[in-house]
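Heads up, the next two complexes both have subunit A, just with different partners, subunit B and then subunit C.
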Partner chain A sequence: MLSHAQSICSFKLKSLKAGILALAATASISAFAADTAKVNTTGLAITDDTVTVGILHSLTGTMAISETGAQEAEKLAIKQINESGGILGRQIKIIQEDGASDWPTFAEKSRKLLVKDKVAAVFGCWTSASRKAALPVFEKENGLLYYPTFYEGLEQSKNVIYTGQEATQQILAGLDWVAKEKKAKTFYLIGSDYIWPRTSMKIARKHIENVLGGKVVGEEYKPLGNTQFGSVINKIRLKKPDVIYAAVVGGSNVAWFKQLKAAGITSKKQTLLTISVTEDEVLGIGGENLEGFYSIMKYFQSLDNPNNKAFVKAFKEMWGEDSVIGDVTQAAYLGPWLWKAAVEKAGSFDIDKVVEASRTGDIELTTAPEGYVKLHPNHHLWSKARVGQWNKDGQATVVFESELIEPNPFPKGYQ
Partner chain B sequence: MGEYTLNELGSIFAMQGFAGISLFSVLLLMALGLAIIFGQMGVINMAHGEFMAVGAYVTYFLSSMTETYLPGFMPYYFLFAIVAAFFVAAIIGYFAEYALIRHLYKRPLDTLLATWGLSLIMQQCFRSIFGAREVSPTLPEWLLGSYQPTENIHIPLNGMFVLALTFFVTAGVFYLLFKSRWGLRVRATTQNRQMSGAVGINTKKVDRYTFALGCGIAGIAGAAFTTIASTGPTTGSLYIVDTFMVVVFGGAASLFGTIASAFSIAQAQSILEFFISGSMAKVYTLLVLVLILMFKPEGLFASKVRR
Partner chain C sequence: MQFIYEKLLGGKQGAVGFFILAALILIVLPLFLDMFRLNLVGKYLTYAFAAVSIVLLWGYGGTLSLGQGIFFGLGGYAMAMFLKLEASSPENTAIQSTPGIPDFMDWNQLTELPWFWLPFHSLTLTIILILVVPAAFAYLIGAAMFKRRVGGVYFAIITQVIAVILTVLIVGQQGFTGGINGITDLRTLNGWDITTDSAKLIFYFLNAFLLLGVIIVGRFILTSKVGSLLLAMKDKEDRVRFSGYDVANFKIFIFCIAAVIAAIGGAMFTLQVGFMSPSFVGIVPSIEMVIFAAIGGRMSLIGAVYGTLLINFSRTMFSESFPELWLFLMGGLFIGVVMFFPNGLAGIWQSYGHYITRYFAFADKFFPKEKTNLPQLNTKES
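Right after this comes the complex of A and B.
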């Protein structure tokens, strides 16, 4: 088999010089590997014993902070799949590209992975902006992207599987919980100024006003990277909301929580529910600044179930005892497993067949760290929403868990 | 406003006043180092934010060292961290001037590009050494929480600390520039380089120390800001825009201008923010700034410098 691999390498080199050789080589490979020809009719990078996939996250730039965990989880999942025999008898090989926190670069690298490397699937992107940049490439070249981040919804592409929650899954259950448990009537909405917080707050406002009969007493967006919250905190003090509902991201998040604490607004006096703090963010913010506040997510590292315990253990073995696992990291871990399930159901690596299998509604994972998940025909996952209360040590105690929520990327009455 | 008591409104007014002053001290501390370098040497230092990050990382490093080896020293380490931040940033600045900047004095646009390149190099160094995640040093207890003169008024202690530090540093800079022999040389060099050289001032040495001082003050600012926000490899780039805004608006070669400009920008921003949304407050502040600069392109305080 080694000589076989070598022949491919040399084939790659030669193909740079003469495109005609490529055709001949492909023909000769498929001639003696009938099995591969059957599971791969569209010329993806698949041999008799390997299949190549792409990982596309930012390893440099602003977003490296967030995306590091996601790509670590994807590599862990792929390693585990390989150890358990691979997919359709093939070991997964990874080609990793760096999106460099730059959205056009995501598009360019996607094209490279799909056109030049012919990868069978890509696990990647983090921000909505990077996904939107890469999306036209995936649709044109007919690739398959597994996207891990919880996001604003309003999208459903044939070429993307969304393994994080769309906005309604994350938001509605949390608001219902806070209205019921904390008897909350008035809400103050604050977020960073870009598409995800704004769309999320729009949904939250509709739900608060139309369903819960509550009142939004303030809505505020701060520029990304802003570190001054003094005036906003005074405004909040003036309005005295029952709940502060927050979607501040990145470095701003740290300043926001530090200044809240310094201004004497702590969990003893104020209920705060955020949709943008996972274990990853807590590392920077510091547990002591968050103590007692709530996050709504689908996953917390502290979840008490056997799947999660095994996952946390394996993750720490591979990436170090100090690593923490946030919501998106777990969602990224699901990507390769969902792909495996779909490929095995389809009996083929062909993108169209894998997508078709994914759309049947039969793809499910019983081994997901977050618990049972199922892929909806609309390309999103059925999942639970959970409210976690932060402790000083940077871990959350889960205080509420919803039923499985149906994904609804185009919610009626919320747009 | 019928639902609020006079006491409550008064408290919020007081706290809002402090929010403005606190923002002023933050902007001033950021801009001071840049104003020295830009104003006295005409060098546009795009890596200013990264020198602040150096200060912040020094603080973080000392915090974790103290926590591991000398837990009893925790309440005091922060003061030493500020001093260390100054010297580390100043030394890096000294060598940056020696290796890079001094070759480009006659080409201001090239220094812009070169220092921008330097900032990218420094960012990647931070990423390699400290990792991509944002970090925060453990702060001593006395910097956390708030001072409560009455039940409703909370004045953040970290804000008061930054305010005091800014006052201290500004006073120090003024003393150095306007009362010391060294400051005399710096001002002489700024006003007329050839003549200063002719009367025996080593202008190259003056340049190097001025640059180092500016970087050192950036380091102090970085250390102080760990009490407000977290530090990541690209933290510096967040500050650079605000910093330049303050310096340019104030008038490039005037320290008084920098102070006046930091004060007016901070007050405008924080008062507007209270009444309209944060993003719009920034838009209006910048709009007014652009308008003023259109009519007074040299900034608030024009510099009377012969170059």
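Right after this comes the complex of A and C.
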């Protein structure tokens, strides 16, 4: 009871503080808070003091476990933006829809958000398949989607801002690191069988063979949801690669790492680098099963900088002490902030003007938890790649950090 | 005239039901729904093809298929392949390593179009294949099983297995099929933009007429001698066999018809939604299609359409209003219907309709005193 009362008290205090902040901010902004007709010439759902956006993630089905963090982060960002005065003097209202882990549903709900609700932006999608399903809808209805997942690249739509890394950003720096630090020459590639692992491995193979002068001694793909890795593990034992390079996704990861451990392949004897494990997955796999292995991501919850400390604290306050924050969650958090920056630069909510502002190359966030990010005219973010080594407690120690890497969704020489 | 009335519409009760449904989907819904909702109804009605096919196969044929998604998917993929080839003209795909092939093939390092994609350059061939491929596939499955007298639960399980195999195949062979993403970004049909509102409206009505046509064909089959035999087989298969009929052939026939009907639904789905993906081929969609038929009433072709509409409308409404809770509401709906109305929506009408209409003079016409006008075999033990 007591803690409940306390939380109410602190909530009131907080909201009071927020109210004052908002008032002050509105007052200072109202100078250029142009009237609605001017900032909204295309009939979006915008009033004199509110603007409506959509959040579209899977709340049910197999993807719900992955997408929950993303939608929580987006709500946190929107709450913080509202507390600091909103966008162009308007508070953000959210309409949430459930993609239900079903690609056609993503298309249906995108249409609903754009056509019925006239939202000014949508934060959502997670898998490539859901993005591919929703993409024609966004292009047809001229909507704006902020997409948070690291993905395979090979895409650049006028109507999408990609806040996660495309494949080359995530992969190349990590491979360079492992070649240099671990003197790795031979690589074994394993992934789940769909477009993202396949594209990533294609890029990795070209880099290993052409740039690093190494050798790929095996390349395998397992169906999504596969839980039998015995034969792969036997082949790995036979080939003795310097590095296992993995892009196994979702629930398969649990079986993959447990079977590796059971077969005696641990970090003591074997270097393993994965591009598909974040804090969210470790929660399911168990830190003890991948202790000492490496992940390449742009963000880890343990990042030691003031932005991230504030972000982690705010996230835990809003969503509970036990919540973990993975790469995609952080990328999703950037979405509303990038949108805010672009809208304010454009001085308008019109999709075309916001896109144009986003393309100037001037949209940047100095407060991003991952550090400084900047929006490239190709709709992707400049960002750093980091290698984290997993600990028993499910957190990673960052052992390497690259420079800011330019996004390159259509890499020459890697196709 | 008498032929049309009795055979195609199924007598007075059937005719009234048919015209009410036709009025609903051809007049009422287009008048009262905006384009967005109407397009959704169009999508639901494509599932109704599968539900109608299950009524024929399960309700009358007594053979439960848990793999109608296979045929829905085959029809949908065939249409999607045609549209994708059109969308992948060399001008549209100039940034690829190999222009002129679908984008996902390029991502998977294919450099030329696989041979089985070639027929899909032609719309005529595509339409023929939409009808022939599912029928041929159903014939293979049906012949392999019914000739060996595999039926009942075993048939259901095997169809389910085939649905899984086909899903794994599509997902695994992503260079040829688009993998888990499916075939996306379909925009034009012979140069005609299918994403516009006017195109969607045309497809809606095309779809509605096709569905009504399929129901009439279904009625015709059921009121013919084949229909009587199907019903007889369902009740006492051995007796029909001992009477000299080749039971397997009739089952294969109705299975093929059901496959073609589901495939038409799949093709219409692709046209209206603009993509096709393996999530329509597997077990879950296949079982959902059975649920549509069960909720509508598995002995009623028209009931299946209402069942499909009810479930999908509820799904959309619940998930829009309660994004966190909607699955529980759907579960409640299923359990409620099965517990209280085991014969589905059609059963409600049969059991309770006379309470509503008894005050009207025409009540007797809807609910005649004799039980039913379905042909019946004498199944009393002799």
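In the analysis below, the second predicted complex is superposed on the first by the 381 of 415 C-alpha atoms of A that agree within 3 Å, B and C clash if a C-alpha of one lies under 4 Å from a C-alpha of the other, contacts with A are read in each partner's own complex, and residues count from 1 in each chain.
Quick note on the criterion: a contact is a pair of C-beta atoms (placed from the backbone, for glycine too) under 8 Å apart; a residue touches a chain by one contact, two chains touch by 3 or more.
Nothing here was measured: the structure is a model prediction, and the numbers come from that model.
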Message: Once chain A of both complexes is superposed, is A:Gly264 in touch with subunit B (first), subunit C (second), both, or neither?
response: first
Task: Check the residue A:Ala100 against both partner chains and state whether it touches subunit B (first), subunit C (second), both, or neither.
output: second
- prompt: Now for A:Val39: first (subunit B), second (subunit C), both, or neither, which partner does it touch?
  reply: neither
- prompt: Does subunit B (first) or subunit C (second) touch A:Thr68, or do both, or does neither?
  reply: first
- request: Please indicate which partner A:Leu88 is in contact with in the superposed arrangement: first for subunit B, second for subunit C, both, or neither.
  value: neither
Message: Let me test your reading of the model: by the given contact rule, A:Gln228 touches which partner, first (subunit B), second (subunit C), both or neither?
response: first
Task: Have a look at where A:Asp193 lands relative to subunit B and subunit C in the superposition and call it first, second, both or neither.
output: both
- request: Applying the touch criterion given at the start, work out whether A:Val249 contacts subunit B, subunit C, both or neither, answering first, second, both or neither.
  value: neither
- prompt: Looking at the overlay, does A:Ser128 come into contact with subunit B only (first), subunit C only (second), both, or neither?
  reply: second
- request: List the residues of subunit A that touch subunit B in one complex and subunit C in the other.
  value: 59-60, 193, 223
Statement: In their shared complex, subunit C is touched by residues of subunit A numbered 59-60, 96-98, 100, 102-105, 107-108, 111-112, 115-116, 128-129, 132-133, 135-136, 140, 152, 154, 193-195, 198-199, 202, 223-224, 410, 415
Touching residues on subunit A, where the partner in the complex is subunit B: 59-62, 64-65, 68, 193, 219-223, 225-228, 230-235, 237-238, 251-252, 254-255, 258-259, 261-264, 280, 283-286, 288
Field: Residues of subunit B that touch subunit A when the two form their complex
entry: 4, 12, 15-16, 18-20, 22-23, 26, 124, 127, 132-136, 138, 144-146, 148, 154, 156-159, 225, 227-230, 232-235, 238, 269-271, 273-274, 277-279, 281-282
- prompt: Can you list the residues on subunit C that touch subunit A in the complex?
  reply: 36, 39-40, 43, 95, 97, 103-104, 107-109, 168, 171-172, 174, 179-182, 184-187, 195, 273-275, 277, 279-280, 316, 319-320, 323-324, 326-327
